[in-house]
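Next come two complexes built around chain A: one with chain B, the other with chain C.
Now for the complex of A and B:
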């Protein structure tokens, strides 16, 4: 575990020194800060507008970070041959992959938390408008944690694919999975004779439904607007499923990477 | 003596089901003993780097067995006492030399004062202990990267050091410094496995050598045995007049002249001394008189041209 954490720390340090990441973070903070302005365009639905724009920006910029950091994590190491030196030390492929993945997740997670913090601050500054909304700040905290978990799942898929593909292919694939993952719940309804007569087509849709991540589960804007308290048991269940999915992806990535020659 | 590196029938073919396999290395058998300085030489594409990558588990063999310090190379612990400098090394260029050594040292469980002391010693040894140690690697010259590369290869005080073209691309001073480090490692009883096509370097440093060509072993043995003295003597002289040259031709087996230098090959010592006397008596200057010796370069060219033994 010492080696894994050492690699993770190095990965965070490397990512934090990347200019593009700092630019994305800065830009996202500006956009999240500006979300209070957008809310003025929807009188009577300020909270919905704030949540749609603020959490939407966090989700969008978090997704960009997860995809680009994840897609470049392994291919860059192999292409620039830094993996040669690293794997010539007593570092297994599992150490390497897990350490890099945890470092990448720490980077994305820290950035999501910073963006989430800025968003909560913006909400706090507009507290006069939303003081009647119950459970607002605790629900927002859960929303940010769930967003970080969503990014964990996306990152794990990206890293898994990057062990066998170029970073460009991986990025395109990850974007596709991300958007498909946001509509995957509707696949369940499509896998019925009402929509598809062919059992084969229905079977394929069912497989897709099972395999694709269900990113909608991480979206809790509705209960925040209504003011329903988010139950920890439900939140922790979603996080648990996210961790399980990410664990399966990283294990698959390790199986691919352990057979790969560098 | 225990083996530091051992391979038996090591073979690596590159390719896929759809392509004809390309030989990386074929049936390579090595037995590098502890404390030896071993050279692996061959032209580009002969399988030197493939061998190193196989030994480090970066690529996988098609067949054959390998051990590092008695452990199967598939066991990561086999690399605990091993250092490696790749050809044209690439490092995390956002780090400086201190941070790089700290990172690699951490992978071996080094930390705190011990790690700092070791980093200081190594940076001193490779001539990077000045302010450059705090500059980012992306600002380093090729020679500086190579030197930091040597330092990282030694961070764990390894028993076995694998070096792939360690002096490639360095200026003469830089190359000399790296050679000095290799001599120092040899003097400290470390096993050095050196891949290079700089034959003078190999001849000067290595005890044993394997010559590879197109993935196959074409010559193997002690450097001393391979470059054993050849037959006859070589006499070199300057400013020899025509009369003297004529007399030397009668004594020598062969003679070559050019740029004022005369090189005569004599079959025995008496004839060589007689040739030297002729040079002196005819107003010339004897430059050298020595046993003829085949260099590793002669052997290398001979074997590569001759193909497999």
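Now for the complex of A and C:
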């Protein structure tokens, strides 16, 4: 475990030194800070506009970070041969992969929390421009945590694919999975005789429905707008789902990586 | 190593099945609490391709339904300020599908259909269709946002002001009083009952207003007026003395023939007596003399249908003239729409 934590710490240090990450973070903070401007375009729906743009920016920039960090995590180490050095020591492939993944998630998680903190601050400073709703800040805190969990799932898929593919292919694939994961709920509707008569086609769609992540589960905008308190059972269930799915992907990644010649 | 691989594969498959099961449970809980939007993506795409540009489709696919709804709303505003009333409709509807908790969208959609689209046509059947559609939209909005005052108010006021359906107006305005509301709502409910007419309930609600604010001048004046003008007739009607009730209200109407509430009461008396011809005459008089009473026109049509009265020659001439004007209007829109490059109005409503 000490090895894993050490690898994670090194990964965080390396990631934080990457210039593109700092640029993305800076740009995201500027955009989140400007989210209050959009509310002026829709009188009567100021809170909704601010929430949509603010949380939308956090999701978008978090997604960019998760994909690019995850895509370059393993391939960079393999291409620069630094993986040889690490794996020649008493560091198993499982330790290596897990340590790298945890470090990447710590990086993405910290950035998401920073963006979330900025957004909560903006909401607090602009609290006079929209109609107050109950439980706003507690719900926002849950929403940011669930966004971090969503990035955990995306990152795990990206890292899994990166164990067998180049970083370009991994990036493209991760973006595709991200989009597909947001419409995966529609797959259930498509797997009906109304759309496909062939049982084979419906079976394949159902398998796809099971395998694809369901990113819409991490979206909790609706109760924030209405002011209902987010129930802990849903939040904890969703976090558990994210951790389970990430664990599955990392296990799959380990299976692939264990067969790969480094 | 092979053993580890087999165990790993088994863990992955078991994990995926477990994750799927957990996802279904979470999905059910989210659905019960209305955390998720209603329409699957393919339904939105089928409904209005012109409302969903590539950028917005990408936003939807990227899980940005909220921002996509906001972008569409801004697009709707640009249509609005360009007087493209018909083009606004499918865009508004798409917004409500993308984000059913966007209360403002439901409110403006219902108002636009009931208030603006109805005056775009002189065809009475089309007007009725718009009114029914507006009511359906507001009710759907309420179903998605049952804890928001605004839509209850909007529906109640639409029934009161636009449709002269005072029974439904009172019902929905009463529902609105369950939430934090302005102090005039109770007076409006009382007024709706007064116009229905249901004098007992009107007096009960005005009484409530007075108990809340003893110096409520409107409630004081309305109570005095009702007692002076309609109460006697109403009491006789409730006792089944139709002729007595008729005589009492006619006595008042002899002094104030323009009192439309009194005229409504007289029409109600005739209806309860079963004298539909006289009731029809009163509603027809209301329709002819009180332009704001749109409910009177509907009552006339309803009673004519019940009595099997065909339209008169004069009514037929008026109807044909209106249809001709409607055709000229639509032709004008086509010609001038083509010149500006706007195209014909959408029929997506």
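The definition used in the following text is that the second predicted complex is superposed on the first by the 259 of 262 C-alpha atoms of A that agree within 3 Å, B and C clash if a C-alpha of one lies under 4 Å from a C-alpha of the other, contacts with A are read in each partner's own complex, and residues count from 1 in each chain.
By definition in this document, contacts are C-beta pairs under 8 Å (C-beta built on N, C-alpha and C of every residue); 3 or more make two chains touch, one makes a residue touch a chain.
Since we're looking at a predicted model, the values are computed, not measured.
On the superposed chain A, the positions of chain B and chain C stay apart, so the two partners fit side by side.
By the touch criterion defined above, A:6 reaches chain B but does not reach chain C. Contacts of A:92 after superposition on the shared chain: chain B is touched, whereas chain C is not.
Within the superposed three-chain model, A:219 lies in touch with chain C and out of touch with chain B [touch as defined at top]. Between chain B and chain C, C contacts the larger number of chain A residues. By the touch criterion defined above, A:80 reaches chain B but does not reach chain C. Once the two complexes are laid over each other on the shared chain, residue contacts for A:60 go to chain C alone; chain B is not touched. After superposing the two complexes on chain A, the shortest C-alpha to C-alpha distance between chain B and chain C comes to 10 Å. Taken in their complex, chain B has these residues touching chain A: 53, 56-60, 76-77, 79-80, 82, 84, 86, 88-92, 94, 103-104, 106-109, 152, 156, 162.
Within the complex formed with chain B, the residues of chain A that make contact are 2-3, 6-7, 10, 13-14, 17, 80-92, 261-262.
Residues 38, 41-42, 44-45, 48-49, 51-53, 55-56, 59-60, 178-179, 181-183, 185-186, 189-190, 209-211, 214-217, 219-223, 225-226, 228, 231, 233-234, 237-238, 240-241, 244-245, 247-248, 251-252, 254-255, 258 of chain A are the ones that touch chain C when the two sit in their complex. Every residue of chain C that touches chain A in the complex is listed here, in rising order: 1, 4-5, 8-9, 11-12, 15-20, 22-23, 25-27, 29-30, 33-36, 40-42, 60-64, 66-67, 69-70, 73-74, 77, 99, 101-104, 145, 147-148.
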